[in-house]
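Would you mind keeping the following structure in view while I ask a few things?
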Amino acid sequence: MDILLNELAGRPVFWIISMIMLVSAFMVVTLKNVFHCAIFLILTLFSVAGLFVMLNAEFLAAAQVLIYVGAISILMIFAIMLSSNFAKDKIRMTSKNAIVVSLPVMFFGLGVIALVVKTIVDIQPLWNRDPADLTALPADNTMMIGKYLMTEYMLPFEVVSVLLLSAMIGAIVLARKERS
Amino acid sequence: MDPQLPITNVTETLLAMLPEIFLFCWALVVITIDVVSKRKSETLAGYLSMIGLLITGILLSFSTYGKGFGNMFFNDPMAAFFKIIFISAAFMAIGSSFGITKKKIVNHRGEFFGLILFSTVGMMFLSASREMISLYIGLELTTIPLFVLAAFFKDEKLSIESGIKYFVIGAFSSALLLYGMSFLYGLSGTTDLLSMRLNIAAFHLTFKQIGVVVLISNIMLVAGIGFKLALPPFHQWAPDVYEGAPTPVAAFLSVGSKAAGLVAFAKMFLLALPAFYGTEMFPNDWGMMVGFFAACSMIIGNVVAIRQTNIKRMLAYSSIAQAGYIMVGMLALNEHGLASVAFYMFAYLFANMGAFAAVALFEDKTGSCQIASYEGLSKTSPFFAVSFSIFLLSLVGIPPLGGFMAKYKVFAAAIAQASAHESGQWIYWLVGIGLLTSVFSLYYYANVIRQMYFSKNDSPYTMTYNPAILTVLIIGVLGVLAAGLFPEPVLEFAGQISNSFGF
Amino acid sequence: MGILSWLILVPLIGMVYVMLMPKEKVNLIRYGAVIISVIPMLLSFWLTWDYFFNYSGSAAMAYMEGPYEWIPSLNIQYLLGADGISVPMLFLTGLLSTISLIASFSIKFRVKEYFAFFLLLEAGMMGVFVALDFFLFYVFWEIMLVPMYFLIGVWGGPQKEYAAIKFFLYTLFGSIFMLVAILIMYFTSEPHTLNMLELIDHGPTLSHTLQMVCFIFFFIAFAIKVPVWPFHTWLPDAHVQAPTAVSVILAGVLLKMGTYAMLRINWPMFPKALQDLSFWIAVLGVIGIIYGALVSMAQKDLKKLVAYSSVSHMGYCMLALAAYSSVTAIAGVMFQMISHGLITGALFLMVGVLYDRAHTREIALFGGLGSKLPVYTALMLMFSMAALGLPGMSGFVSEFMIFIGAFGALNKVLVGIAVLGVVLGAAYMLRMFQNVFLGEFNMAKWGGLTEINGRELLTVIPLAILTLAIGIYPKPLTDLLQATLDNLVLLMSR
Amino acid sequence: MTEHSYLIVLLPAFSFLMIVFFLRWKEKIASLFSIAMIVTSLIMSISVLFETIARNGEAYTASFTMAQLGSFKLQLGLLIDPLTAMMLVVVTAIGTCVEIYSIGYMKDDPRFSRFFAYLSLFLFSMLGLVVSDNFFMTFIFWELVGLTSYLLIGFWFEKKSAADACKKAFLTTRVGDLGFLVGLLLIMYYTGTFNYEEVFAKIGMDVFPPAMLTLAAIGVFCGAIGKSAQFPLHTWLPDAMEGPTPVSAIVHSATMVAAGVYLTARAMTVFVASADASFFVAVIGVVTSLLAATIALVQVDIKRILAYSTVSQLGYMIMALGLYGYDTANGHHSPGFYAGTFHLMTHAFFKSLLFMGAGSVIHAVHTNDIRDMGGLLKKMPITAPTFLIGSLSIAGFPLTSGFFSKDEIVAATFGHPVFTVLTLLIAFMTAFYMWRLCFLTFFGKPRDEHRYEHAHESPKTMAYPLIFLAFMAVFVGWTGIPALSHGFASFVFHAEPYHPHADWMNYIVSSIVGLSGIGLAWLMYYKRKIDPDKLAERFKPIYTLFWNKWYFDELYDIIIVKPILAIGRFFWSFDANVVDGAVNGTAKVTLLWADLKWWFDRWIVDGAVNGCGWIVRAFGSLLKYIQSGRMQFYGLFILFFIVAAGIYKFESAYLNGWIFTDFLEVTTLFVILIGFLSYFAKTIVPESTTKPKREE
Amino acid sequence: MLPYIAVAAVLFSLGIFGVLTRRNTIGILMSLELMFNAVNINLVAFNKFVWTDALIGQMFAMFIIVVAAAEAVVGLAIVLLLYRNWQGINTDNINIMKW
C-alpha cells in the first residue's frame, strides 16, 4: 500500500482523472436510468483517454475518443432510444444480487492489486524500474503506430478489418426487419 | 524446433496464406451471389460454400510451412492439421444446414453461410498465429460471427436467447482473457509467444521468481479459453446455446469453436507457458488447475447429460465431457500429448458433426429435439439409425470406431506422462475419472440408440435425405471408421504437431 | 492371409452378405448365415485337428500371423496366433456359433439385423481368442459388446433394455481397467510394445506395486466377464432377457473370454502378484461356487437358474486358476471352460425349446413333463446330470481335475468347502428337474406341448455327443493341452 | 475268460444302448435282449470265478488311460481278485433273477422297455464299480449307480412321493460322496495315484501322516455311509422303496447299497492302517444297525420293514469290517473281513428274495400295509414258502445262509463286549420283526377280505426266480461252513488263509437268540398271547420315536434343507436388491446430481440412511439450480471460480496453508461454495418462471 | 506504474460488477466496455513504465478498441432482437432455457 500511496502523492492530475473515471464508472454500473449510464460511460471513456495521454499514447487517446465516444456510445444511445422508453424504463438491480456479486468482485479487485503489489516487490528491478533507466517512448508514437500497422501488424490489421466486416454484416442481418 | 523454411518475401507469405485469403473472398462471393440472385435458389449458396471449402482444402494441401509478417502468420503442422479440422467442420455444418435454409432463413442464406465461412477464416488465422495479438483477433473473428449465427432465427426466442447468452458470456470471457494477456505482456514485454516463453524463463532465472502475477494471468487465460472449450466451471452457456442456436451452428460451435479454443490453449499454455506447468512453480502452475477443471468437465458433462431429454442439450453436455477428455491429453506434456489432442479432435469432428447432422436432419423433418421422439426410427429409416448409432458409439469410445482410438491415444498420452514423472501421479486420477465417466457416458448415448432400436413401435417419421446431408452423414461414418481402423496417416501428421512444439 | 485371419474374416463377409440381402428374403438370410458360419466352424475343426497332430507337442504359438504394422506410431500390430489354450476355444466358438445360428431360426422379426449382428459377434469372439497384440485384443473384446447390446436389447425379453444396458455398462466398466493396465504395460516396457508375448516376459520385471496394480486392473476387467462373485449381477439379467441363441453364446463363449484372458494375459504376466493374491482369488472362487449354487436353488425361473449355475460353475474355474502351480488344475480350467460351454449352452437351448412352446419359464408352472416329452426329458436329464458333474460327462472330468489340482496347491479347507458345491449343484439341478419333469402332468395346461423337433435336436445333439466324448475319453484334449499348460505353469510360477 | 472280463461290464451297457436307440418300441425283444446279455454276463462271471479260484485267488489287472497330464493319470482298469469275482457272480445272478422277475412284475407298464434299459444301465454301472482297479474309476461308477438308482426310484415319477424319493436318494448319497471325494483328494495328494494296489503300497511306505490317513479313510467311508445308507444318511433308503419292487430287490438291497460295504472291504488296507477310522466305521455300523432295527420293529409297510432291515444288515457288515480293521490295526486276529464280505454275499441273496417275495405279495394284494394282509399262505403257494425261507435265513435259523454269516459277525465282535451284546440284540430284533412280518402277512385270518379274495399267485416269470433265490438263500452260506474247510474264508483270504472261530457255543447262542426272536413274534402275532397294541401303549414314547424313525427326516428338514433354501433365497434377494442396488446406486448417484428426489424415493428406502440421504438430496436439488438459465449467473459462476482458484493458490503459497490444509478441507469448502452458489441461483430465479414446455 | 494498474483493476472490477448485476442488457454492454478499457489502461501502462522499447502495448490496445467496437455492434444488434421478441431488454426474462 505504501508504494501505492507514494506514487499517488506526487500526481494530482492522475489522481483527479482516475477519480473521475472510477466515480463515473461506478455510476455506469449502478444508476437506474440507462440513459444516464450512457452519459457517464462517455465520461469514463473520456477520462480513460485522458489517462492514455498521460501515458504518452496520444494516438490511442484520439482513437479512444473517436471510436468509443464517437461511435460506440452514440450507437448505444441510439440503441437505448430504439429499444426502450427510457423515461419509464428504470430497471432496478436486485439488492441480493448486488451484495452477493460485490463480494467476489471486491475480492477480485483487491486480490489483483495485492498480487500486483506483491509482484512489484518480488521483481523489483523489472517492474519498478527507475524511470531514468528507461528509454523513453518515442515521441512520435503516432507515426510509429502507423509504421507498425503497415509492417509488422499488417496482418492483424487486415484481419481486424475482416472482423469488422463480418460484424457489420452480422449486425445488419440481425437488425434488419424482415418483410414477411 | 522450426523444421520449416522461413518464408522470406511477401509473395511467398501471401501464397502461404492463400487458403485463408481465398476463403475470405469466397465468403464475399457467396454473399454477393446470394444477394444478386435475389435469394431465389434454396441451395445455391450452400453448395457454393461447400465448393469453396473444398477448394480451400485443395489449396491447403499446396500451402507450405513457414512464417510471415514477423510471427503474425506462422504455418506449422498444428496450423495445417487444425485448418483441416476447421474446414471439415464448416463443410459438414454447412452440409447439414440445407434444411433450415430451405424453410427458416429464407432471406439470409448467403449471410448465414458467409458468416460460417468468416468464422472459419478466423479459426484458420488463429491456428496460424504465434503471437498474442493475432491470436486474440483470430479468436474474436471466430467468435463474433458465431454470436450472430447463434441468434440467426430472428423471430425465435430460443435462438435470440442463446445468442445473447453466448454474446454476454463470450465478451465477458474475452475481457478476462485480455486482462490475463495484459499481465503477460507486462511480464515479458512481448506478444510473440516464443519470445514470451524465453523472456519469462530468463526473468524467472534472474529474479528467482517472477511473482504471482502469472497466477492472475493463468487463471484469467484458463477462464477465457475455458469459455471456448466449455470447460466447467465456464461451461454453463453451452447447453443453453446449443439448445437454442440453429443445429448446424451448434454443431459448428461444438467442433470448430472448440478446436479453435484448443489451439488457443495449446499456443498460450504449451507454447508460451510450459514452464509453469508443474507444481514446482507453485502457485503459478496451471497444470493441476486445468486438470481439476478437466475432471469437473468429465464428471459434470457426463453426469448431467444423463438427465437430459432434449437431444441437443444432451449433446451439449456430451461435448462438455469430450472437452474434458481432450484436456487430459493436453495436460500430458509429452510427444503424445498434443498429437492425441489433435487426433481426438479429428475423430471427434466426424462423430460429433455426424451426430449433429443427424439431429438437424431429424429436427428439420419433425421439428422435435426430444430424445423420446426418436423412438422406432431404426425400422423406418435404417440408414439414419445406423449412422447415428455409429456416431454415438464413437462418442462413447467403442472400438473400432474413431472415438475409441482417440480416447486410447489421449489416455496413452496421459499415462505416459504419469508413469514418467513422480510429480505427475495425479494424472492417474484424471485418467481414472476419465475412464469411469466414459462408462457413464455410455448410458445416455445408448439411451438414444435404445429409443431408435429397441422400441416395438414403428416411428411415424421416415427420413428423406438431400444430397448435402447425405454427403455429411456418409463422410461422418467413413471418417469415424477410418479414424478407428486406419488412423496411421492422421496419427503421423498429429505426431508432427508435437514435434513442432518441441515435445 | 492365414487361417486365423479367415476365422475372423469369414463371419464379417457373412455380415456383409446378410446386410446386402433384401430384408424380405428371410430364408436366404437365415440359411446364408448358417452356411457362412459353417465355414469358420469347419476351419476351427480343422485347426484343432491340425494342431493336435502337428503342434500339440510344443508350447510355442502356432499359426502365427504377423506382426504386420497396423498403426506404427502407436506400435500397434496385427498379430495373431493360437496355442493349446486358444485352439479349444476357437473350436468351441465355431461350434456354438453355428449351433446358435441354427437355433436362431425361431427369431421372427428383424431377421436381417439379427443375423448381421450375430455374425459380427462371431467375428469378435474369434478375434479375442487369436489376438496376440494387446490393442487388437482390446478391440475385439469391445467389438462384441455392441452386437451383444443390440441382440439383447432388440430381441430380448420383457426387461431387455435394462439387461442390455447393464451388460454393456458392466463390461465397459471392466474394460476401462484393462485399458489402463494395457497402457501402463505399454509405457513401462522398453522398447514400448503391445505384443503380449513380449509383455509376458516384461511383466515380472516391473516393480511389485505396479505388478499388483496391473494385475488387479486386469483381474477386474476379466472377472466381470467371467463373472466372478461379486461382479456377477449383470449375468442373470443378461442371460434371462437375451434370446436363446444369445444366451448360448453368452454362456458358451463370452464367459470363457474372462478365464481365457486370465490364462493368456493376467496370470503369466504378473506371477508375483498372482502368488500374493492367489488365496483371495480362490476365496472369490469358492464364494462364487457356493453362492451361485445357493442362489440357483432359490430361483423360480428356469433360465435364471441356469444363469446362476454359471456363476457357480465359473467359480470352479476361479478356484482352479488360483491353483496356478498345478497343471492339473489349469487343465481343469480348460476342461471346465469347454464343458461349461457345451453343457450350459445346451441347457439354454433346451430351456429355449421349452420356452418357445410354453411361453413361460416359471418352474412352478410345469410338472410331469417327463411323460409327455420323453426325448426332451431324456436330453434335459442328461444335461442336468452333466451340469451337476456326473461321471461320464465332461463336467465331471473338469471338476475332478480342478479339485485334484486345487487340493494340492491351495488351502485344503478352502477346497473342502468348494467340494460342497458338488452337492449343492446336485440339489438345485434335481430340484429343477423334479419340479419340471417329474410329478403329475397337467394335461389341461400343457397337453399342447410338442416334442423337440429335428432342427432343435440338430442343435443339441452335437453338444451332447461332445459332452459325453470328453467325459469318457478326455485324453486327446489333455494331450493337446499338455505342452501349452506346462509352459504356462512354468511362467506362472516364476 | 478273465482277460475278457471287461465284457461282463460292457454287455449290459450294450443292452442299454440297444434298447434306447433301437429296441425301445419292441418290448418283448427289449426284455429278452436285456436278459440275454445279463445271462451271458452271468455265465462269464461264473467262469471268471472259477478261473480266479484256479489261479489261487491271484489278482488279474488291466488298465486303460483316460487322460494324462504329466504324471497325473486318470485310468480305467480291471482288478479281478476273489472279492471281485464273488461280487460279479452275485450281481449278475441277482440281476438275472430280477430281470426275469420284472417281465412279470412290470408287464403292463407303459415304460416297460425303458425299465429294462435302466436296469441294464444299472447293472453296467454296478459291474463297473465292482471290477474297478482304482479309486477314480470306483468313484465314476459310484456316481453312475447313483444316477441309475435315481432313475429307477423315480421310475414312476408321476407319483409325487417317487419324485421326492429319487431326489432325496441322489442328494443324500451325494452328501456322502462329498466325503468320498475329499478322501480321494487326500489320497491323491499324498500318494499321487488312485490305483488300489499302488495306494496300498504307498500306505505301507508311510507317505501319509496318520491324522490325514484317518481323515482319508473316514472320507472314503463317508461314501459308504451315503451309499449303504448308514447313520446319519440312512433316511433315503426307506423312501427309495417308492421305486418298483424289482428295483428295491436289486438296487436297494442286494447290490448298490452293498457297494458301500464292498468299497470298505476293497479299501480295507487303508482302514487297517488307521485304527481310529476303523473304530469309527465299526461304531457307525453298529449304531446304524441298532437304529434301523428299532425302527423296523414298528413299521407296517412291508417294503419299509425290509428296507430298514437292509439298513440294519448293512450296518452289521460295516461293523464287522470296522472291527476287523480295528483289531488288525491293534495286532489281533479277527474274522471281521471274512464275516462282512460273507454276509454281504448271503444277504444279497436272501434279501433280494425277500424283496421279490414282498413284490409278489404286493402284486397280489395291491397294498404295502401288512395290517391289511394275513393268511396269504394258502393263496400263494410259491411266494409264501420262499419268503418264509428267506425270513428264516435272515433270522439266523440254523443251517441257513444267514445263520452261518451272522454267526461269523458275532464271532468278529468277540473281544468287544459292548459290540457283542448289541450284535446279539440286533440279531434278536431282526428275527422278531421279520417274523412279525411273516406272521402278519401269511398267517392268521385275512384282515381285509376284499384284498384277500383277489389275491393270487404271481406268474411263473416271477415265481421261478423266487425258487432259485430261496435255494441260494439256504445253500450259498454253506460255502462258509467251517466244517467244510472254510471255503469262502480261504477264498477271500487267498494270500493268508484265516480260520475263524468254529465255536459251538457261538452257534448255540446265536441260534437261541434267533429262535427266541421268532418265538416272541409267534407269541405276539400268531398266538396273540401278548397284545402288541398294549405294549405300544405302554412304551408310548419309545414307540412313537420308533414309529417316527427317530425323527431324522424332520430333523434334517429343519437343520439342513430349510436353512439351505432360506440361505439361497436370502442370497438371491441379496443379489437382486443389495448388490444390484449398490451397483446401480453408483450409476444412479450420478443422476442424483440433477434430481435427487426420484433417487431418494427409489433407492434409499432404509431408515438408517435417511439422514444422509436427506443431506445429499437437499444438496442435489440445489445443484440443479446452477444451470439456472440466467446468463449473469453464469458469469458470476465464472467469477467465483476465478476468485476461488486465486484465493486457494495464493493462500497455500503465502499463508502456509492457514485456511486450507488438506484435501478434505478443500473439498468441503468447494462443496460449500457450490452449495452456496446453487442456493443463490435458486433465490434469484423468479418463482413464477417454471420451465416451459418448449416443443412438442 | 502501480497506480495505473490499481486503477485499471478497480475499473475492471466495476465492469465485472456491472456485467453481473445490470438487469438492462445495454447496461451489460456498457460494463463490458469498461472491462475492455481497463485492459487497455493496463497495456498502455506497461508499455510506458516497463517496456518502452516498442509500442506493442499501444498496438494491442488499438486492436482491442477495434474489436470491442465490433463486439458492441453485434451485441447491440442482438439487443435489438431481444427487444423485438420480448418487448423489453430486461435480463430477468431471458431464461427460457435452463436445467
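We call the chains A, B, C, D and E, going by the order they appear; numbering starts again at 1 in every chain.
We take it that a contact is a pair of C-beta atoms (placed from the backbone, for glycine too) under 8 Å apart; a residue touches a chain by one contact, two chains touch by 3 or more.
Only a predicted model underlies this, so the values are computations on that prediction, with no experimental measurement involved.
Enquirer: Over the chains that touch one another, what is the least number of steps taking chain B to chain D?
Expert: Contact-graph shortest path, chain B to chain D, evaluates to 1.
Enquirer: Show which chains lie in contact with chain D and also with chain E.
Expert: A, B
Enquirer: Ranking chain pairs by how many C-beta pairs touch, which one is first?
Expert: Comparing chain pairs, contacts are most numerous for A-E.
Enquirer: So which chain ends up in the middle if you average the CA atoms?
Expert: Closest chain centre to the overall C-alpha centroid: C.
Enquirer: Taking mean CA positions as centres, which chain lies farthest from chain B?
Expert: D
Enquirer: What's the farthest chain from chain C if centres are computed as the mean of the Cα atoms?
Expert: A
Enquirer: Taking each chain's centre as the mean of its CA atoms, how far is chain C from chain E in angstrom?
Expert: A distance of 65 Å separates the two centres.
Enquirer: Calculate how many whole Å lie between the centre of chain A and the centre of chain E, each centre taken as the average of the chain's C-alpha atoms.
Expert: Roughly 7 Å, centre to centre.
Enquirer: Between chain A and chain B, tell me the centre distance in angstrom, where each centre is the average of that chain's C-alpha atoms.
Expert: Result: the chain centres lie 31 Å from each other.
Enquirer: List, in ascending order, every residue of chain C touching at least 2 other chains.
Expert: Correct list: 169.
Enquirer: Residue numbers in chain A touching 2 or more other chains?
Expert: As it turns out, chain A has residues touching two or more other chains at 94, 97, 101, 105, 108, 112, 115-116, 118, 120, 126-127, 153, 156, 160, 163, 167, 170-171, 174.
Enquirer: So which stretches of chain D touch two or more other chains?
Expert: 587, 594, 627, 629, 631-632, 635-636, 639-640, 642, 646, 650, 654, 694
Enquirer: Looking at the whole structure, which two-chain pairs count as touching?
Expert: All chain pairs meeting the touch criterion are A-B, A-D, A-E, B-C, B-D, B-E, C-D, D-E.
Enquirer: Quick check on the complex: what are the chain E residues that touch chain A?
Expert: Answer in residue numbers: 1-7, 9-18, 20-24, 26-27, 29-31, 33-34, 37, 40-41, 44-45, 47-50, 52-53, 55, 58-59, 61-63, 65-74, 76-83, 88-90.
Enquirer: Which part of chain D faces chain B closely enough to touch in the complex?
Expert: Result: residues 587, 590-591, 593-595, 626-627, 629, 631-635, 637-638, 640-642, 645-646, 649-650, 652-654, 694-696 of chain D touch chain B.
Enquirer: Within their complex, state which residues of chain C touch chain D.
Expert: Residues 169-170, 230, 232-233, 236, 291, 294-299, 308, 327-328, 331, 368, 370-371, 385, 390-392, 396-397, 400-401, 403-404, 407-408, 415-416, 419-420, 422-424, 426-428, 430-431, 433-434, 437-441, 472-475, 477-479, 481-482, 485-486.
Enquirer: Show me the residue ranges of chain B that touch chain E in the complex, using the header's touch definition.
Expert: Going by the criterion above, the answer is residues 132-133, 136-137, 140, 144, 147-148, 151, 154-158, 160-165, 167-168, 171-172, 174-175, 178-179, 181-183, 185-186, 189-191, 239-240, 243-244.
Enquirer: Could you list, by residue number, the parts of chain A that touch chain D in their complex?
Expert: 94, 96-97, 100-101, 104-105, 107-108, 111, 115, 118
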